[in-house]
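Remarks on the structure that follows.
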Amino acid sequence: MRKTIIGVIGAGQVSDTGYAVAREVGRRIGEGGAVLVCGGLSGVMEAACQGCNEVGGETLGLLPGGDAAMANPYVTLAVPTNMGHARNVIIAHTAQALIAVEGEYGTLSEIAVALKLGKPVVALNSWPGIEGVIEASSAEEAVEIALQLATGQGEA
Amino acid sequence: MRKTIIGVIGAGQVSDTGYAVAREVGRRIGEGGAVLVCGGLSGVMEAACQGCNEVGGETLGLLPGGDAAMANPYVTLAVPTNMGHARNVIIAHTAQALIAVEGEYGTLSEIAVALKLGKPVVALNSWPGIEGVIEASSAEEAVEIALQLATGQGEA
Amino acid sequence: MRKTIIGVIGAGQVSDTGYAVAREVGRRIGEGGAVLVCGGLSGVMEAACQGCNEVGGETLGLLPGGDAAMANPYVTLAVPTNMGHARNVIIAHTAQALIAVEGEYGTLSEIAVALKLGKPVVALNSWPGIEGVIEASSAEEAVEIALQLATGQGEA
Amino acid sequence: MRKTIIGVIGAGQVSDTGYAVAREVGRRIGEGGAVLVCGGLSGVMEAACQGCNEVGGETLGLLPGGDAAMANPYVTLAVPTNMGHARNVIIAHTAQALIAVEGEYGTLSEIAVALKLGKPVVALNSWPGIEGVIEASSAEEAVEIALQLATGQGEA
């Protein structure tokens, strides 16, 4: 009854390639029957939500501000945490596995918190050289790994 | 595309009557097509999630701890905030209207935060004499009022 | 070596009488050798910090926003939590006893969280009829009770 | 009247060399008239607090748990946030400049959040290759840089 939740992390500004990749990641998460959790804003977050929505998936947006109206249009469940960057820590707790697409300092912070919590982190053209991160070469591969590790580890 | 979210608040310990009322509240929220958000634990929270699940509704549990496994079995989307009582503030931000069933200090705190944020609060046998709280006499009436006010105010 | 910390809670808008009372509360906290913790903004918070400063006391301001510059001028240690109302929960955890002066919904929320955490709460013309709150009739009496209960309960 | 606050970040487990370095960092922060903020636990955090205490400095410990008794013995002001790793974000907001000593994923996360918030980060044998981090070769140099940048940028 508990749904599998996969996190997608990345910056609010993204390259065209990154947008396409994140959208494909979202699509495959939805097709895999999992819920997508992200920071609910623009860029990588919006792309992933859009993809997930296109296949009828549920998208949970943990927003930094206190107003649901700030969520991107593809967030189906808006959670306005009003906790700024601390919401990244909640995303890391909520996701059973995370996929990082590109990203800057905020994404690096989230990758590090997720690893600290023992969550699997799959990277697509994101921060290089962080020990413990699993590098993937396509959206398909990234989601396949994330879903497998999320299921393997159970709910925690 | 954005779903309406109704909060149900109340203590982890509840009377038999309170359990039945909260379950009926959950059922009617699900029937109304809204998502239920709560603290994800036992008592009023579990009862409401059970009712909502019985009619196929979605239940979002914002847990005080960091482990999704602590959620009651009727939570479909577990968000382990690891923020203790501060998660109550996130519930108040997330819900477009809240229904309080019975409750003690934690519930009082949540009612007060919700009112501070300008969210409608409907009470069923909860804290008496708090100005601004709307008293209801049945689960049916409470959910009807909550759904109406949630929709009326838009997403914020 | 660990310092005793007393919380002062109340609204950002306060009556003239309330300002004078809160300032006297702050003064007596400083004279008692304790550190004052509060929300760091205006009204009751500013009055208490001013009083504490006048006798050389330390004032810890747990701000709702992320910018230390928003603290009132009498805060010596600014902690910009960027967590909005959730910072009230941190104040309740930090203070070994709390004194409420007047106040509205935010103060009620904080009183309830503090009681939930088992912290002593002393009230000066604040929310009436909350079971567990100790009513005091003067700043002198309120601080005397708070200091005694804070010391009595040790650090936790 | 507002005090300058310097953050010290690093892991709860530290090498002997790292302990000595962190203690010297704490000592020089105290001698520089600044308040030290850290996560309040063991390892680098305890070493830095010890050094700061030895010269009469104030140490603010933003604890992950809800109990002040978990702070190391050199914390003079314990703030039990009960927010787990999210307290790292509060440390980044609170410090006007931060010094990282050694460290693992938690420290990396904190460095990234601090950079995201535009705070100067000075590193002593910490994560290599993070753009924007200022490398220092001694505790003396690290604190000198941190104090200068903290003062230069004003309170925010």
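The letters A, B, C and D name the chains in turn, as written, and every chain counts its residues from 1.
FYI, a residue touches a chain if its C-beta (ideal position, glycine included) is under 8 Å from a C-beta of that chain, and two chains touch if they have at least 3 such contacts.
Here's who's who by UniProt: A, B, C, D = TIGR00725 family protein.
In this text, all values refer to a predicted model and were calculated from it rather than measured experimentally.
Looking at C-D and A-C side by side, the one with more C-beta contacts is C-D. Remark: chain C (TIGR00725 family protein) and chain D (TIGR00725 family protein) have CA centroids separated by 27 Å (rounded to whole angstrom). One simple way to say how far apart two chains are is to compare their mean CA positions; for chain A (TIGR00725 family protein) and chain C (TIGR00725 family protein) this gives 40 Å.
Contacts with at least two other chains are made by residues 66, 82-86, 89-90, 117 of chain C (TIGR00725 family protein). Taken pairwise by the contact criterion, the protein chains are fully connected, each one touching every other.
For chain B (TIGR00725 family protein) in complex with chain C (TIGR00725 family protein), the residues that touch the partner chain are 83-86, 88-90, 92, 104-106, 108-110, 112-113, 115-117, 129-130, 132. By the touch rule above, chain C (TIGR00725 family protein) contacts chain D (TIGR00725 family protein) in their complex via residues 1-3, 5, 35, 53, 58, 60, 62, 66-69, 71, 73-83, 89-90, 93-94, 96, 117, 154-156. For chain D (TIGR00725 family protein) in complex with chain B (TIGR00725 family protein), the residues that touch the partner chain are 66, 82-86.
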